[in-house]
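You will see chain A twice below: alongside chain B first, and alongside chain C after that.
== the complex of A and B ==
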């Protein structure tokens, strides 16, 4: 377990800022204590300083997880967000997409979002903007990337893809192993 | 094999392939059986229609005309009516034969669609001719007695009205003989029944309730046919007799009849409940019990050992309830995740998805029971979003007993799959610290998944063996130990427990539980402002894994039992068979499937009084004894005495360093808050105390050895043997320098856990050189003693 290097921090923050923009600083400066990012087994964990101190008691090979896992660095040093980060992305998300009840199921099975499943979308979403996906009852379901901007979304036919799937909460069942 | 298809007879629009085939059969049959009245043949439907007509006509007649004939009809009447019937039957026997075939085939074809009336008639017709018939059909007969009688009634009258019928449909005549035959059969049966019912009316009554109609019918029919053996059997069941040895042996060879065994279990329990009144002269209670035990084993397919345990645990009346409860599944329950939602909102959301649910009970504010669901309850979007957790009702209890407070540090020693851990997190509102540990790395994956899904952010998940715990981290405010167990409380979940657990398994898990419980107690900080509590729970119901373990901990550590805060559940045992436990064990709680409709469970809550580990010679002595006993036994079997003594000396050193190390460790632990800092001094003192006492120990050693049960010892011995091999060459050097040697020896230890332990041992060793040396010296003393003992042993052998 170690702090991120500058380069890693940059990669990760770039990725995060696609979804929550400048709200990143709300993750760092929290009123309820200092929180920080730590790298362990290529995975980035977001932890309170207090817990971090305690976790130092545990040897590296025995430590499985601490706090919340945000994602992992791939072998090519790119950062990939995991669904476990959703709890921290959802409250701060700048661009959102809401799914109709019919489209929920399909998205939770790992499919892209079709126009037919789209309920609402934030105004002036740009193309390839990171978006957080909600159900109509405002339950966060996952996140993805807008395939079309809002204007285009209005015009396209029902079967065309409007949001590319990146992660969804169905992964908790589908690939639990990936999370650790 | 198959019948040849007759191309000439092929009909293009037949009712179906099967029917066509049977038509072929028909043609074949007609070749074999020469029939005279071909034209009379009718299709089954036609016959049914006719039957219906006949019935309606007759009913209306009955309604219109006087009720005399109907009234007048009775068994006596049937008797005087018989001759006519017989005559008719003879006349039409061939005819019937033929029609029967057809009818039977039709029956197959039509299946359940058949009109009941026609069905009855057909069946009865069959009865007249041949004895093979199904119970179902027979049942129906009896149900429809009235109808049949009415038909008979009509038949009786039909001397006058026959022409009329014939005019109406040619079918009527054909039906009547069948009815007649049926009636005859019925009358016979009734007579037989009446006779019998006089004999054993009382006996039958209770049995009938249980066995269901089928069996009654069967039995009665058999009896009617003059099968005496069954009759005898029933008598036996009425007044329960204990079967003799040879009879039981015979039983082993015959195929099992579960129904009889079930009945025998009931009778047996009844006798045992009123033993003085209902017992058979000269039979012991133990004979009844052994029969009951073997019967229960067969009926519920348990192994003998576990059944014995259960019979010790429950009164007989309760035992059957328990066994029955193990055959059915507990209701599915879920726990609301209050970190993300409220129970009312969740219930509403789930109801909208077509789930039928109810609050779990007034003792839980977060539990919901799922009765049925149109969607898989483990894969709804609410589940995935972490609004609830699938969790048995019983696993809420230990957490409620623990009642972790906000801001505390809590340890869950065996966390997988994370149900209890996440419940703790939600009670603590994601504040404080939770350390979730499990020994199995694979199972930790589900812990990680569940923690993230439910939004728990204050958790550290690690993969240690629970027994190392105070060394890794200590000073927790609260500790939950959900110990690995034999699982005798969750047989409904895992029926394999019924057969694959034996004495050794139970004792092995009990031993592990004791070790875990001690290290759990050591991880608690007694001086915590808010806590200092420990909850021990298992999903087993055996006393060995529960009360015994708790009692052991009470003796070993400065802890006391406190009320669990659960207002239901049965009190733990303070005495069980030959064992006597501490009085306060009535504060523990037991939960049973048959009483509380949740998995079998045991919960005990401790409060730690003092952080120091008791060093009184009495307790340490106990600790040392088993080790010594084993040490003695190992060499006695296979190795020369010299090696033994060194081995032993080594071992005793390790044993002594253990407590010292334990008490020393907390200094490092972040939460130690210094309260443990005092203890090392004491610990060393204790070590010294120990070393000063070897004489006593050794005297007790050999005697203890004999008394000890074999199971756990063997395991330990195996471990020891491994150690011996590993250390064999090192032993010679040992005398030179005690301290270094110890380090070497521990390095060589084969067990992975031991390795873990050795790291710490080494550290502590470096800290305290003096005690080690002393110990070494004492080891020499021990050597002499041991030699003596060994000599004794050999002489005894």
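== the complex of A and C ==
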């Protein structure tokens, strides 16, 4: 376990800022305690200082996971967000998409979102903007990337993709062993 | 009828004569021949009238035919022979010099030995290929396979007086030969590299007569880290400087360091990232424009039906222009609005 280097921090922030914009500041600068990012087995964990100090007692090879896993660095040093980061992305999300009850299941099985499943979408969402996906009852379901901007979404036919799937809470069941 | 037959016969005769023209061609000036290149130069003046006439092609063809006939006549003057049922003529040497197609090859850059030989004035001596071999009593090649006086084929070697008696003289000889071959190959590569102006192979720490200061410092730094501990316990001289360009080591911040510093650093990174964003987001601006247009057309569409009737009363001209534009906008854009309303309700 180690702190992120400057380069790694930058790549991760760039990815996070696609979903929550400048709200990253609120993750770093928290009034309720000190929180930090730590790298372990190529994964980035968001941990409170208290838990981090406790975790130092555990040897590196025995430690599987601490705090919240935000994502991992690929072998090419890109950052991939994991669904576990959703709890922190959802409250600060700038662009949101709400799904109709009929479209929910398809999304939770890992499919892209069609126009037919789209309930609401934040105004002036740009194309390829990172969005957080909610159900109509405002339960965060996952996140993705807008395939079309809001204006285009209105015009396209019902079977065209409007949001590309990236992660959904169905992965807690489908990819249980991957999410540490 | 008789006249007709005569006409036909005369014509056939004429045609025959035309086909088999005489081999004798009359020219004012004789042609100049270069039979080696199968070339003839006609220095007679060209009949300008024939060139300008309507039968220019025929004129040129007949001229070419006559001149070709002259070349062939000239060829037949040479002695002929029969080779496999074919009559052939041996052409004389060509006299017209022709330019070569490609530029002449560049001279090869001299090797190191050639440079040295030129400097010292050493001439190459031609040696005979075959030499007399006393042992086999025959002429053999001077070098290569089955050469004369082949010392690798000796079954016995005398151990020199001052040599170690346990040393294998055969192995020693083989090794020496292999080294000579390797050295020659190395020199050849060096010559190639020198000719192409590449860095000469064998760089690094090869022994050179005069080492430069940088060479020496590099040699020292290499020697210092070439210990079992990779130079960790190597002592330094009193005023010795740390070696340069020894590579960078990865270094990470401590796991539990100063948390406020870490936070400040991350906030600084965020600040830099923010400042690098473009002030005007083009896609966002375009989106905004599109949205405004949408809302405008929507409000117009909403107002449309009520106003239409009123306007219609006012003036025919205004109605025609306005009505058309609205009709267009209304069709596709009205629909999504309705759909959206429904989706919201669900």
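Going forward, the second predicted complex is superposed on the first by the 180 of 180 C-alpha atoms of A that agree within 3 Å, B and C clash if a C-alpha of one lies under 4 Å from a C-alpha of the other, contacts with A are read in each partner's own complex, and residues count from 1 in each chain.
The rule is simple: a residue touches a chain if its C-beta (ideal position, glycine included) is under 8 Å from a C-beta of that chain, and two chains touch if they have at least 3 such contacts.
These numbers come from a predicted model, not from an experiment.
Student: Using the overlay on chain A, decide if chain B and chain C clash or can fit next to each other.
Tutor: Because the two structures are overlaid on the shared chain, the partners are seen to fit without clashing.
Student: Should A:64 be classified as contacting the first partner (chain B), the second (chain C), both, or neither?
Tutor: first
Student: Of the partners chain B and chain C, which touch A:104 in the superposed model: first, second, both, neither?
Tutor: first
Student: Of the two partner chains, chain B (first) and chain C (second), which one does A:137 touch, if any: first, second, both, or neither?
Tutor: first
Student: I'd like to know which partner A:92 touches here: chain B for first, chain C for second, both or neither.
Tutor: neither
Student: When the shared chain A is used to line up the two structures, what angle, as a multiple of 10 degrees, is there at the CA centre of chain A toward chain B and chain C?
Tutor: Between the chain B and chain C centres, as viewed from chain A, the angle is 120 degrees.
Student: Looking at A:53, would you say it contacts chain B, chain C, both, or neither? Reply first, second, both or neither.
Tutor: both
Student: Once the two structures sit on chain A together, report how near the CA atoms of chain B get to those of chain C, whole Å.
Tutor: In this superposition, no C-alpha atom of chain B lies closer than 14 Å to one of chain C.
Student: Give me the intersection of chain A's contacts with chain B and its contacts with chain C, in residue numbers.
Tutor: After superposing on chain A, chain A residues 53 contact both chain B and chain C.
Student: Which part of chain A faces chain C closely enough to touch in the complex?
Tutor: Contact set of chain A toward chain C: 1-3, 5-6, 9-10, 13-14, 17, 22, 24-25, 28-29, 34, 36-38, 49, 52-53, 56, 100, 118-120, 123-124, 126-127, 136, 149-151, 154-155.
Student: Which bits of chain A are touching chain B when the two form their complex?
Tutor: 46, 48, 50-51, 53-55, 57-58, 62-69, 83-84, 87, 104, 108, 135, 137, 139-141, 169-170, 172-173, 176-177, 179-180
Student: Considering only the defined contacts, which chain C positions touch chain A in the complex?
Tutor: Result: residues 252-257, 259-260, 262-263, 265-267, 269-270, 273-274, 281, 283-284, 287-288, 290-291, 294, 332, 336, 339-340, 343-344, 346 of chain C touch chain A.
Student: Name, in rising order, each residue of chain B that touches chain A in their complex.
Tutor: Interface residues on the chain B side: 349, 378-379, 381-382, 384-387, 409, 433, 435, 441, 444-449, 451-453, 455, 457-464, 472-473, 668-671.
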